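Next, two complexes with chain A in common: one pairs it with chain B, the other with chain C.
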Partner chain A sequence: MTDAPERTRLGPPTAPSFPNSAADRERDFREAEGYRPRVAVAIKQVPPSLGGATDPLKGFVLRTGPGRLNPHDGPAIEMALRLKDRYGALVDLFSMGPVQAETALKEALSLGPDRAFHLTDPLLAGSDSLATARTLIWAMDLEGPYDIIVSGLMTSDGGTGQVGPAMAALMDFPFAGRVSEIVSLEDGALTVKQLYRDELLETRLNLPCLVTVHPDGFTPRLPTVRARLRPRLVNRLTASDLIAPNPDQAPAQAALFGERGSPTKILRTHKPKANDKVLARPTPPVAASVIIEAALKAKS
Partner chain B sequence: MTTPGGAILVWLETEGRGLGEASKRLALIASDLAKQGQLTVHGAIMAGAYGPPPLGAFAGLGLTGVLAFKGRHRPTVGERAAALLQAAKLLSPDILLVASDERGREMAPMVAARLETGLTADCVSLRLENGLMVQTRPAFGGDLIAEIITPIARPQMATVRVSGAQPVKANGEREPRPPWRGHGPGHEPGLADPTLPTLEVLLAPPVMGEPTVLKRTPLSADDDLEKASVVIACGLGLGGPEGVSKAKNLADKLGASLGATRAAVDRGWLPGHRQIGLSGRAVSPNLLITLGVSGSVQFMAGAGGAKDIIAVNADPRAPILALARVGLIIEMENLWPELEDRLGPL
Partner chain C sequence: MTDKSPLPPDSPALRDESRLSGWAEGLGSPADRRAASELIGQSLAKGIPMTFQGARTGLRGAGVPNGGLIVGAARLDRVEGLRRGQWGFELLVQPGYRLADLRRDLATRRPNLAASQAEPEALKELLAEFRAEELFWPPDPSETSATMGGLASTNASGPNRSRFGRAADHLSGLRVILHDGQEYNLERGAFKFGPQGLPLPTGRLLEADPKALGLPPEADLLDLLAGGQGMYGFISGLWLKLAKAPAHLWGLVFFPDSEEKAVSLIEAILDDPPEALISLDFLDLPSLSVVSVLRQSAKKLREIPEPPTGAASAVSLELMADDESLIESASERIIQNCLDRGCDPDQSWALVGTEVEKSRLFAHAVPEGLGSLLDSVRAGGYPAVMTATDFTRPDLRFGQNLGECRRDLREMGLTAVTFGHALDNHLSVNFLPKNAEEAKRATELMGHWLERAKNAGGELFFGQGVGKLKKELFLAHESPERIASLRAAKKALDPNGLFNPGNLFD
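Moving on to the complex of A and B:
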């Protein structure tokens, strides 16, 4: 038999939680009339093309050059903006990355979110998915509390898709993955559709909650001229901002930043080896025959 | 360090009244890994409306013990995570493996975050080296292969790519034998079968405030990508929606199913559920015909199960040409008229 049921979601509260004033704030104000739901979107700037250079010693991807917004983040921002259009939500963007990653936030701001926060600090470099999830949460705690946290399904560089669910578990928020449609946001609950390979679920989540977004349902909008002309201010946060609410716990918290706070380590990286086999350069009739005959044989 | 006598915990999923095929593969991968370090393999499973699968379903998988959590029929991702978390706390395993399917990719990060340990996504190979699990995964769309370790935190967690006909190599040398032959749910081995694990049934830990599923709509009636004997995969080399439409007609005429690369899906040429690859579906047809697909490691992670590959690509440097049995270096514009001559308008 198991122990007495714990009256929390996934067990006792997460160990590395550093309470701060924002997160502890009373949430009663949410009942007040005219309350606007608050949405945070976690986004990332990724290298423009695949196969970026890696640090020869540590194996990290060197994020020095220019970048672009992770393709899966467009749909995540789009979902947040639809919450803004339909329910008057306030949308804040959060991104962690090197200084030049600010361009991705500026690009995203031109779509219509309200504020953008850029976490950038050499101390945060080399974060794995757990360290990234923790750091983003601390940043959101500074500016929050948020009712809905939105994340893309995955990034195009690391491609783990782990940061969203990890944040949900660390915050003990109800989680819905692969959201492809917003059904409603009412009575303190968000109802969404979730697109899995084998089924479509309609799911209701009590706020606050965290969702990851399936790109199928949320084709990103184009930036408006007006939004492009607006001053696009990106607020910069550093590691010391994250520590500020709890200075007495600074050493413990700093140990969880970046490479130091990442339980996984890269042992080595390499390029996949190329195979140079002799290949056919067929005439169209030969190519067509090869395809059709192989297909007929495989069907039989 | 992984000490001899430690445990590997694997998350298993039911399928009907039996054990899911991906779970059997995962258990075998774990069992191969266990042999490299004198570890034992334990399973954790959610037992729904039907109760845990019959003991025979676990035979021959190298499992020492199975913890079955009695809970709701179709547990949410959070409920699965809570059960696995409970199992991890009971067993304190050195290694924890979850299949990297859609739900596994969601629940594993929750468990890892709660255990404050490292998690490597979508591993294509695992091995023990100096007592640590070396986790190999492609990154950057397959342009880079990374080997990752979790040196200090425990358990060492990974989601493992198990789908596809070609089982993942656990030790880089031999293929795990097909697990399900003779050990299906219908097969009841005698009680003396030494390969049977012990089964312990526990109550699933309650999770407060889980999302409520209001409605379930089963999908993919039209869609048999995983079971198709011939699959045609569409890549960027098709040039656009027009090329994809021709490919679709070709698939109809040849009785093939249509798949796509992530790049083609990202451009909206085909719906996301058609995507083959690491972040999409894994296919294992008798024949895979790729049209304008470059063949990244990430695509091949979903296509590696194909028994035969014919690759059509105009670019002689496309990696797929080296991976295919037949590589046809030809422009699609030159190929379409010839195919239309044989099969009618596409």
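Moving on to the complex of A and C:
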């Protein structure tokens, strides 16, 4: 990734790089005999919303009862499990959320991932998408390194779709969104198909990489009865676990947790007016310039 | 409100999910109680026959018009009241309120009570108590777009029937417009069968005993009206008895690689049914194929995976209890049953809580997909209609019943899609006749089976009733005593024959 083009970094400070971070540990581990690719999946428990039912007075989505796994995360877990089925990958789940979010991890564990990590700490409360992305990659750094990070397309409660791409940007990983098919995992690269409307784009990503998953390609499997009955252990991580490797950086890092580390201020939310049209179907470089020109024109 | 011209033949109001179609002079869709009462009152006064309709998801053509006026209840879809009665919380709903509306309102615990007449302060207090409880309406017919009026009129039930009963068992009152044009509020138990028969609110007496009508000895007028297929009056309101939902619900689906193994697994479970078991369903291989075909057009269905490769049938069951360890131990036992019978217990799905919707969706896809298949037969030129069995065989074990059906189908050279509720030993054998000759043979075979079921003391029209679709089979095979009693009920409750003409009788 050293010759990757210079990128604009995501706003405020990114993850401090830890001298003893997993990413810096031996890099040639993938060449080892019998190496199993390692996959991390970021998932979230969301409040159930019922068929779009909204409070008639206040207009908000009605939420009651126990939480459930974010519907977009089922396909993400499924993609990771297919990497496990096909390439023997080791699959770890990561979720940040309140204590009760452990249920979603337990449910997801019954599908076949190897381990689950639950980041839960009052210090982490109020995280926006940037702070969430940062915290998740610290936790992954602690348990990794990982070859592939998978996340759902978005969450049904936040709906920003930013956490996956933000993690990729923070890690400087190659990124592919809306992945609907695994083509191959070989020679240090993951090749996937991305679904954009009705077009499929085949993309090869050098490892380590990050993908977000399109639900159409990965119908989640259902747990078997025996898997459901098996005891499922969720490992709990707190803010202090994340700080532990670098006590000297603790204050700087703590300032990046939760609400304190969240620069987002929501002023209002609105649905943008759909204003899209197919401009052309030319070759990729021409397409890029057409789109950029159109975007610049729209901006001016 | 009423379209005076005859409805065009392609109007959806002329048919239901049975694929039967009828004709009508007009259609009225009253939006409130007064409008409904006015419309029905005037039709009665002018002697115009009426057919009542809910969502037209009925499978026996009971809501298909036979001339006259269609009275559609779909716009009468409000919640009118909430009370705490002797059975706990009860909700008063209009007949067009759908099962899906009820499920949503119970899940959000926010029924829209704007139409309630109750005093605001008292209602507020009651609502607060209501919201503190997890409630459910136990009958589980799988078509959630069905209306409460339709569900009551067909006395609907689902896989959990043997545990929780039918729609009528979960009604504490009905509001009905009877043949005198009056609207009556009927509370449970207010009109009971006595030695002379059943006194009616109109002042008449129905001289029949409940057994002959197919009702339990303690039945009252509500039980007769529910299941009446709109033949006795218009249901304008229903008090639904809500029950406290057990804390845990699991849905398990096993996919044995042969029908024999599925039957053997079902019989093992039936031999020693776990306390938490509320339903036990069987789906044969053609049923699985029907689901596969439907998958291509039904997006929702693609949210659940295909059954494991090699699956030759499915055994789907639900377990419900407050104590989850009861469910876990039942599941362990069923896994052992699987292992003992050579079924791979890992060819299975286990769903918990709201996820159980997925196994329900899967099972529901069979009747849904059968409808689509019928449509494709019809598109090919032959006007096929739903042709399915509904009988029970108390004298046979599940496997014997299925085996007998299989043998007869083979002998008659017929194919069918078969599924059923094993706790009731109720099989739904669905024929897909592609021409008149096949339809004739299917009807003939159903006749044989009805005779056998009758001789064995079984129910003949157990699942979906008779409607118009099974009228001939009903008149030919039902016991004369039952037919005579139902005729007497029709005469007493609808002396001029203006309600849903053509259901059960000509």
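Following the convention adopted for this analysis, the second predicted complex is superposed on the first by the 227 of 300 C-alpha atoms of A that agree within 3 Å, B and C clash if a C-alpha of one lies under 4 Å from a C-alpha of the other, contacts with A are read in each partner's own complex, and residues count from 1 in each chain.
Everything below uses one rule, namely that contacts are C-beta pairs under 8 Å (C-beta built on N, C-alpha and C of every residue); 3 or more make two chains touch, one makes a residue touch a chain.
All values derive from a computational prediction rather than experimental measurement.
A.B. asks: Just to be sure I read the superposition right, which of the two partners does A:A294 touch: chain B = first, chain C = second, or both, or neither?
C.D. replies: In the superposition, A:A294 touches chain B alone.
A.B. asks: Quick one: is A:T219 in contact with chain B, with chain C, with both, or with neither? Answer first, second, both or neither.
C.D. replies: In the superposition, A:T219 touches chain B and chain C alike.
A.B. asks: Have a look and say if chain B or chain C is in touch with more residues of chain A.
C.D. replies: B
A.B. asks: For A:A227 in the superposed arrangement: first (chain B), second (chain C), both or neither?
C.D. replies: second
A.B. asks: Do chain B and chain C touch any of the same residues on chain A, and if so, which?
C.D. replies: 50-51, 219
A.B. asks: Which residues, counting only chain A, touch chain B once they are in their complex?
C.D. replies: Answer in residue numbers: 1-2, 5-11, 14-16, 47, 50-52, 54, 59, 61, 71, 128-130, 133, 153-154, 156-170, 174-178, 191, 195-206, 209, 212, 214-216, 219, 262-272, 274-277, 279-282, 284-285, 287-288, 290-292, 294-299.
A.B. asks: Help me check something: in the complex, which residues belonging to chain B touch chain A?
C.D. replies: Listed in rising order, the residues of chain B that touch chain A are 77-78, 81-82, 85-86, 102-103, 105-114, 116-122, 134, 138-153, 202-203, 205-220, 229-230, 254-256, 266, 268, 271-273, 278-279, 281, 285-287, 289, 296-298, 308, 310, 312, 316, 319, 321-323, 326-330, 334-335, 337-339, 341-343.
A.B. asks: In the complex of these two chains, what residues of chain C are touching chain A?
C.D. replies: Touching chain A from chain C are residues 100, 104, 107-110, 112, 250, 252, 254, 302-305, 328, 331-332, 334-335, 345-355, 358.
A.B. asks: In the complex formed with chain C, which residues of chain A make contact?
C.D. replies: The contact residues of chain A facing chain C are 48, 50-51, 53, 55-56, 62, 64-66, 68, 107, 110, 219-229.
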